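Here chain A shows up in two complexes: once beside chain B, once beside chain C.
Coming up: the complex of A and B.
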């Protein structure tokens, strides 16, 4: 039992489950693609969870950060022919710098104002993606290849395995982060900024840290996206994606490490599942409709997030068992 | 100089659409303390309904639009009653997430009920442009600006001069105290949702002739009305309206004198800078937080 409770082991187990589509023979490649969508969204969602779930800041600009990294990585590997890992590093530093600037803005802004400021920022970036032809390829987009790591060229499955590895590593990183003094300071800042300041928490510093972390995660997700799908165009990085990232964190469970992963799986998996169904899938709009209805029902009746369901079921039965025992006595 | 006024008139026309949408956002924000992300989508859906009323039921436009607005009010009231307050212990964050869910629901419903094709939508008045001192103005634009001004005047009169307005403002300043004073806070938020959805519907119907009726027709209006609300300050009713016109006019002028491609990013950058320097918007007051 103790072994199951070990968080690192749990995260490795999540990784192993994600690897199933590659391990099992005869799984259609569409499934791998779907799973890859889940993994890259989960990576970005992890970052949003640090920002929203743990430190209580809202950003609607992170989709644009993902796009920025995706374009940069595509440009660096294709035009400048830099090695993948180096270009990944450079491509992640760009949103990090922007994240720091936004974090500095965030110190002055609260709640909705911050949300809209980041939204405006994201829209500016997206306009840049459309207009800067030489860098992004404009509306038609830029292309990239499967990466080469230490002279070893990855295939589609190889890239997917790399992404899953990254996801597991980042989950462990976030777990350690939120259980460190940094994490505690962030949580204190979320529940009351003034109280946190009174306790000696440097609010400026921790807002910057949480923005920086989430921007880096968004950047990594963007790099994963462009090297898995090998194509990037400006239609993907809209404010709607940023909203979806927030939604999946809330659906999965805010302020939990696994919440983003659960949310990403549900957000991508459910519409695909609906599309696959015989009658429902053929009417346009029905998958979206059903996901929307499920999301509303979830939020009204179970706002804590899907990830708490197993534990709640266990406590429910434990309580019942305890009551039954009392009844016997 | 004529060109300058031409751009200003165009800016006022788009600004009035932003203003209607922004007024809806602020009404809901002030009374229910949430941001309604679904405002644009609901407007889009109601524009489809309005098109259906005109094309399928053969109603003339001057009947179809008010009917669609009444339907929008009912829809808004139902959403507030059953989705926003379906259960007593929903947090405001959850409510905002539910408005995201509403986006999904109605973007799914629209192609299902009305088909995925773009539908053209005719103007209220299709007469040719009037020439006022060299500035060409379409009668339709005058109508749009006129309707917006009348609606704004009525709303501000109700908010400032009537008992109903006092109830709304009391709810906006403190829902708990308002309830203790015997103000039916729940009815106020339902009313706010109803009026806001109707305003969104009107904005969508106004923009429909320019963009056709599509799923994404309201995206840019919705975004700009958001930004206007922040620029004007969410804590006042008139701030967002003024800011909407500023954004509409500034966007046109930047487009004409600087660059069409870069007008919007440039405008957003300026607004961003402004928000950083004045975090509470043009007219907003600083909210002092107590521990």
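Coming up: the complex of A and C.
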């Protein structure tokens, strides 16, 4: 029982479940592609959870950060022929720097105003993706290959396994972070800025930190995207994707490590599930409509996020058992 | 006797309203000092000026730390104040509801933590060790204020009296030389207030710490404070021992109204 409560082991289990599509024989490649979408979205969502769930800051520009890193990694590996891991490192520095600028803006702006400022930032970046076609390939986009790691060329499945490994590692890092003085200060800043300041939390510094972390995670997600799908174009990195990242964090469970993963699975999995249904799946538009309604229902009845469901079920039965013992039932 | 805090000709206005008007007072080491006045007299504003949540228009606020070094607080960022050994609570409690009680108390030691983001992310052994040590200290503090049995319960689910104690415990984590308490007994019942009085007295005595407090519970103020300063409309009316303040006609008028007002 104690082993199951070990968080690292739980995250490894999550990773193992994600690896099932490449382990089990005969799983269609479309399933691996769907799972890869879940994984790269979960990586970005993990960062958004640090920003939104733990630190109480908002950004509608993070989709553009994903795009920026995707383009950079495509360019660095293809045109400059940098090794993959090095290009990944360089590709996440760019969103890190922009993230720091946004963090500095966030010191002055809050709530709606911050949302609008970051939205503008993201849209400017997306326009640049369209205009700078020597770098991005303009509307038609840029292409990339499956990466080589230490001379070992990855296949599609190999790249997918790399992504799952990255997700598990990042979950562990976020778990460590939020259970440390840094995480405590972030939560304090979100919950009571006044108390945080009085206890010596430099709010400016912690806003920068949370923007930096989330930007790096978005960058990593973008790098994963471009080397898995081997193509990147400007239509993906819209504000709608940024909104989706926020939505999946809230649906999965804000301020929990696994929330973004649950959210990403639901967000990508539910539409596919609906499309596979008889009759409703065959009428165009209806599956997405149902997904929208389901998500609204989830938020109304389960605003804390789906990740809390197992725990709540356990407590429900524990309480019932306790009452039964007292003889109330 | 040497001073821990001196407030010199402090003034601050909000729009046309002079909330604090040329107020001066000083607090000696190990002293329990009370600030009283009718509602809206500017007591909390004085606290906010001292801790730099408000930037005063005029006047100097000086704090002498444990080493005897004097610091001018004016213009310092609010988050730097606690590092000097000056810490405060809030009138309506400012608690991190999402965190367990012990983590709320640990927040009081925030400036002690040496680990940065990366050291925390990778859970460096030395960072975990410091976390464990400070967690132990927080447990001791919780035992001191009588909350050790519920240390791991969430703060958000606690009654008001407990929240007040969490805030008090949180101030002890930085080994302060001056604690500012904004209505510590506000919203507490009689027995809770009595226990709190003993706690505050104990903190001042055992931890060699001065205390500045605002409180409406006159029994608590008169019984606890070595010296009291009465203010009204941001101005100082009188300063002295409990007996002196009680006899002062200006103070009586401020609280009860002058006869010709009636």
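In this text, the second predicted complex is superposed on the first by the 327 of 329 C-alpha atoms of A that agree within 3 Å, B and C clash if a C-alpha of one lies under 4 Å from a C-alpha of the other, contacts with A are read in each partner's own complex, and residues count from 1 in each chain.
Everything that follows uses one rule, which is that contacts are C-beta pairs under 8 Å (C-beta built on N, C-alpha and C of every residue); 3 or more make two chains touch, one makes a residue touch a chain.
Small disclaimer: the values here were computed from a predicted structure and weren't measured.
Within the superposed three-chain model, A:213 lies in touch with chain C and out of touch with chain B [touch as defined at top]. Touch criterion met: A:116 reaches chain B, while chain C stays clear of it. When the two complexes are overlaid on their common chain A, residue A:153 makes contact with neither chain B nor chain C.
Looking at the shared chain after the overlay, A:27 reaches neither chain B nor chain C. Applying the stated contact rule after C-alpha superposition, one finds that A:180 touches chain C and leaves chain B untouched.
Shared-chain residue A:313: touches no atom of chain B or chain C. In the superposition on chain A, A:321 contacts neither chain B nor chain C. When the two structures are aligned on the shared chain, A:255 is found in touch with chain C, with no touch to chain B. A simple residue count on chain A separates chain B from chain C, and the partner touching more is B. Of the two partner chains placed by superposition, A:86 touches none, neither chain B nor chain C.
In the superposition on chain A, chain A positions 192, 194-195 are in contact with chain B in one complex as well as with chain C in the other.
Listed in rising order, the residues of chain B touching chain A in the complex are 29, 35, 37, 83, 86-87, 90-91, 93-94, 97-98, 100-112, 116, 223, 226-227, 229-230, 234, 261-262, 264-265, 268-269, 271-272, 275-276, 279-281, 289, 291. Interface of chain A with chain B (complex): residues 105, 108-110, 112-113, 115-117, 119-121, 123-124, 127-128, 131, 192-195, 239, 243-244, 246-247, 250-251, 283-293, 295-296, 299-301, 303. On the side of chain A, the complex with chain C involves touching residues 173-174, 176-177, 180-185, 187-188, 190-192, 194-203, 209, 213, 255. Contact residues of chain C toward chain A in the complex are 51, 53, 77-83, 87-88, 90, 94-99, 103, 106-108, 110-111, 113, 115-117, 120-123, 127, 131, 170, 174.
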